[in-house]
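There are two complexes below, and they share subunit A, which is joined by subunit B in the first and by subunit C in the second.
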Partner chain A sequence: MVKRIALAQLTSCWGCDQSLLDLHLKLLDVLPSLDIVYWPAVVDFKVADLESMSNHSIHFGFVEGSCRTKEDVHLLKLMRQKSKILVAWGSCSVYGGVQGLGNQWELKDLLERKFLKADTITEGRIPDENLPGFTEHITPNPDIVDFDAILPGCPPTSENTAEALTALITSKSYDLPDKTVCDQCPKERKEKKIKKFYRTHQGHIDQNKCLLDQGYLCLGFATIGLCGAQCPTVNAPCKGCFGPPPSIKDHGAKIISALGAVADMPPEELERAFPDPLGSFYFTDYASSYLSKIRGKQRSKKTK
Partner chain B sequence: MTEREKTIKIAPVTRLEGHGELTVKLTKTGKVKDVQFNVSSTRFFEKFLEGRFAEEAPRIAPRICGICPEPHHLAATKAVEAAWDVTPPPAAIKLRRLLINAKQFSSHALHFFALAAPDFLAGPFGEPALRNVVAIIKAMPDVGKMALEMMQFGQDLAAAVGGKAIHPVTSIPGGMLNPFSEEKRDLFLKRVGQAKKQTLETVTLAKKVVQDYWDPITKLAVTPTYYIGMHNKGNLEIFDGNLRVMDPKGKIVADFKPKDYRKYFGEYVPEHSYATHIYYLPAGYPAGIWRANTLARVNVADRMATPIAQEALQEMRDALPRPIHATFAYHWARIIELVQAIEEIENLLKDSQIVSKDTKLSDVEPKKGDGVGCVEAPRGTLLHHYWTDERGIITKANMVVATNNNIAGIEKSLMVAAKQIFEDKAHEGLKFPDPMIK
Partner chain C sequence: MKSRFVLLKRLLEEAGFDPERVHLQWASAAEGDVFAEGITSMVERITKLGPNPVRKGD
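So, the complex of A and B:
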């Protein structure tokens, strides 16, 4: 039976869509079982078409991106209403994404930087005509509506999406593996005792050895193993863009406690090595951290 | 004649990367009063880059665009290198050129086949259900397969050089983290011949589309504007060169190093779009509205950098005099650039230095300063400007992304088209071929 699928883009980079297209010839295997009823990146149906569909008439709804605007919130709720199975697709959708780092500031600071103070701006103003308006902060989608499945990744690999999609088409459940990037990494690991941390541009990287063992902040140990360890394989430290494995609740908290255990240095030195803990430990999932949620609550109280 | 004012809204504008809506306002008498291209979201990268390690910007900034992350990856690297006064080894520069051309190739193929071709193959009056690449794959399987293979070639090559194709990771201040192995090079040398053959078939296909749609191409949405693009001694260039600005009459009015951009770039904030309008500062707004992207680049460049692409450009210039203001000619220019990309890729793969192990410096030190990194993204001139403190932490960022160089121009051409269609019913008089997909 051909299944009806909708893919909706909230605020995002559309890398998840490119990743799906990157199945290339394998798309030809998947497409015959799908009737695409909404996918603005590729197909011409409009929001009004989506609004006019009956509730739960879409078999699979994929939502990528996070709610930076009020229109995003509307589209998210609409997708929930129309879809039988709703999938949070990609790290923006699951955790808020890189734009969640904006939660470190107030909305007015973000607006001011972009629309009033940019170097090239000749006459600043905050645009507001025929526009949806911004949300005060990024809230991860699963805190706004219920999802039936989540697939993190920045972006999920083409294979990740194909696997999830195939499971759905064949009515199988799709569960995330409780393994880490290290489980997939080809580099040789030893017992860790880090004497000094290096920044990625520094020094000479030994291609055969574990990057963390060499003192580079590679977050593979605390990051879900779905990506095939693409980054450490090419000597680029894992930044944790797929988020933690299911058993870890707060990505950054786990990273900090684990680093404390393997760093052979006084705590002050460890602290000095990472002057930007939020950027370093919560690359795409700051919005879903306890820290951001506490800040969000304080913000809501203030505005009430 | 309509009896009351009318607003037409297209929400969302489809087959584009990003969030946009179109608003057309008509008066009681059916005249076009206003056309707005409402870009309806933004994420504030300029702000949340503050406080980050600058060497991580090449990992963060690609997330601005999942379709063209390579140009962001490289513009960010170049900006940090400029701020820290770092010159990477020559092999690293060649790998970066290979990376940006791989992306140029896959993005242009994607744009032509998946974003643009549906309009021409299903026709502008075709059913929405048929006006997409999935329908093309079904109705024209040979073309569909070729399109998918071309996109895959570019994406696979980008992944081989960049670590991953979407949000690449290997470029770092001081070089490239991962040398290109001889095995990988040999693999792509085997594949490049087929990709080149398919590119030339695409040129033939594009020429047929141009012939079939000659009437709308030369008459609809023809919009004189300024143009901005990169060149290297007059050759069309996408990785490293000077920027040129051409005025609507075709005169080069500025030719400058990207680091001096603030003398030439103005940023107008419209009331109706979260994407700002970049324009030629000396001419003011809206007179100085410029366009970027493929047509702008072939307008400002004297010639293409490679021979087959140059032949293709000459053919275009013989048919349409420079500067070309025909908006639909963007697609034609895209195909000419597709040819240059595959020729550049072939040359780089054949360059023995591409497999050099010497791709990264090991003594890069941060310093206080600021730097501009500029490349051409598939959709236009892209510029990152970062300020860092003595620890190499970003204290401020300004970015002019490719699309913003084009938004005002898009809106201007939409106004031209809207007037032609709503006031003069141009679509009824123009000659369109029978759709190939129906």
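So, the complex of A and C:
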């Protein structure tokens, strides 16, 4: 039976779509089983088309991106209403994404920074006509509507999405593995005692040894192993873009806990090593952290 | 432990919380006075700061 599928894009870079299209000829394995009823990145259906469909008439709904605008919230709720199985696709959808780091500031400050104070702007103004309006902060999609499956990644690899899709088409369950990037990484690990942290452009990386052992902030130990360790394999430290494995509740808390154990340096020096701790420890999942959620609660209280 | 605490304080600060609301104290079972002193000084400090603007459950 051909299954009806809809893929919706909220605030995001649409990289998840690129990653899916990168399947190239392998797409031919799944496409015959699918009838695409909504996918603005690829086919010309409008939101009105989606609105006119009956409830639960779509077998699989994939939502990419997070809710930075009120239109995003509308589309997300619409997708939930129309889909039987709704999948949070990519780290934006699962955790809030890089844009979740904006939750460190108030909306007013963000708008002023972007539209009035940016270096390239003359006679700036904050646009407000014919626009849906912004949300006060980024709330991770799973806190707005219920999802049946989540697939993190920035983006999920082509294989990740193909695997999830195939599982859905063949009515199998799709669960995330409780392993880390380190489990997939080929580099040689030793007992960790880090004397000094380096930025990636500093020093020389020994290609065969664990990057964290060498003092590069590689977050593989706290990050879910779905990507095949593609960054550390080519000597780029893991930024944790896939978020934590299911057993870890707070990505950054796990990271500082581990760093405290392996850093062999005075606490003050460790603190100086990370000028942007939230950006470093919650690259794509700050909006889903305890810290951001508490702040969000405070914010909604104020605006009430 | 101290290293973790320093990083935690930084996270709290960056996220907009007053790091003065968090206190780390070592006191063994034999150091009742150190424990009491730590608690007293923390209570004094947070009383001065007033109610936490992000109280749980509100």
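We adopt the following convention: the second predicted complex is superposed on the first by the 304 of 304 C-alpha atoms of A that agree within 3 Å, B and C clash if a C-alpha of one lies under 4 Å from a C-alpha of the other, contacts with A are read in each partner's own complex, and residues count from 1 in each chain.
In this section, a residue touches a chain if its C-beta (ideal position, glycine included) is under 8 Å from a C-beta of that chain, and two chains touch if they have at least 3 such contacts.
Bear in mind the structure is a predicted one, so any value in this text is a computation, not a measurement.
Engineer: What is the contact status of A:Q18 with respect to subunit B (first) and subunit C (second): first, second, both, or neither?
Structural biologist: So A:Q18 only meets subunit B here.
Engineer: Considering only touches as defined above, state whether A:P177 meets subunit B (first), subunit C (second), both or neither.
Structural biologist: Neither partner.
Engineer: If you stack the two complexes on chain A, which partner ends up touching A:I36: first (subunit B), second (subunit C), both, or neither?
Structural biologist: After superposition on chain A, A:I36 lies in contact with subunit B alone.
Engineer: Determine, for the superposed model, which of the two partners subunit B and subunit C contacts more residues of subunit A.
Structural biologist: Of the two chains, more subunit A residues are contacted by B.
Engineer: With the two structures laid over each other on chain A, which partner does A:P246 touch: subunit B (first), subunit C (second), both, or neither?
Structural biologist: neither
Engineer: Report for A:I294: first if it touches subunit B alone, second if subunit C alone, otherwise both or neither.
Structural biologist: second
Engineer: Touch check for A:G203: first (subunit B), second (subunit C), both, or neither?
Structural biologist: In the superposition, A:G203 contacts subunit B only.
Engineer: Looking at the overlay, does A:Q104 come into contact with subunit B only (first), subunit C only (second), both, or neither?
Structural biologist: Both partners, subunit B and subunit C.
Engineer: Touching subunit B and also subunit C: which subunit A residues?
Structural biologist: Common interface on subunit A, subunit B vs subunit C: 104, 276.
Engineer: Using the touch definition from the top, list the residues of subunit A that touch subunit B in their complex.
Structural biologist: 9, 11-19, 21-22, 24-25, 27-28, 31, 36, 40-48, 68-69, 71-72, 97-99, 101-102, 104-105, 109-111, 113-115, 118-132, 154-155, 199-205, 207, 230-231, 233-236, 239, 241, 275-276, 279-280, 283
Engineer: For subunit B, which residues are in contact with subunit A within the complex?
Structural biologist: Those residues of subunit B that touch subunit A are 10-12, 14-19, 21, 23, 36, 38, 40-48, 51-53, 55-56, 59-60, 62-67, 69, 110, 114, 118, 128-129, 131-134, 137, 145, 148-149, 151-152, 155, 163-167, 169-170, 172-174, 177-178, 261-262, 265-274, 276, 278, 281, 285, 360, 362, 364, 385, 391-393, 398, 400.
Engineer: Give every residue of subunit A touching subunit C within the complex, in rising order.
Structural biologist: Going by the criterion above, the answer is residues 104, 252, 256-257, 259-261, 263, 265, 267-268, 270-271, 274, 276-278, 281, 291-292, 294-295, 297-298, 301.
Engineer: Enumerate the contact residues on subunit C facing subunit A in the complex.
Structural biologist: 1-8, 10-12, 14-17, 53-54, 58
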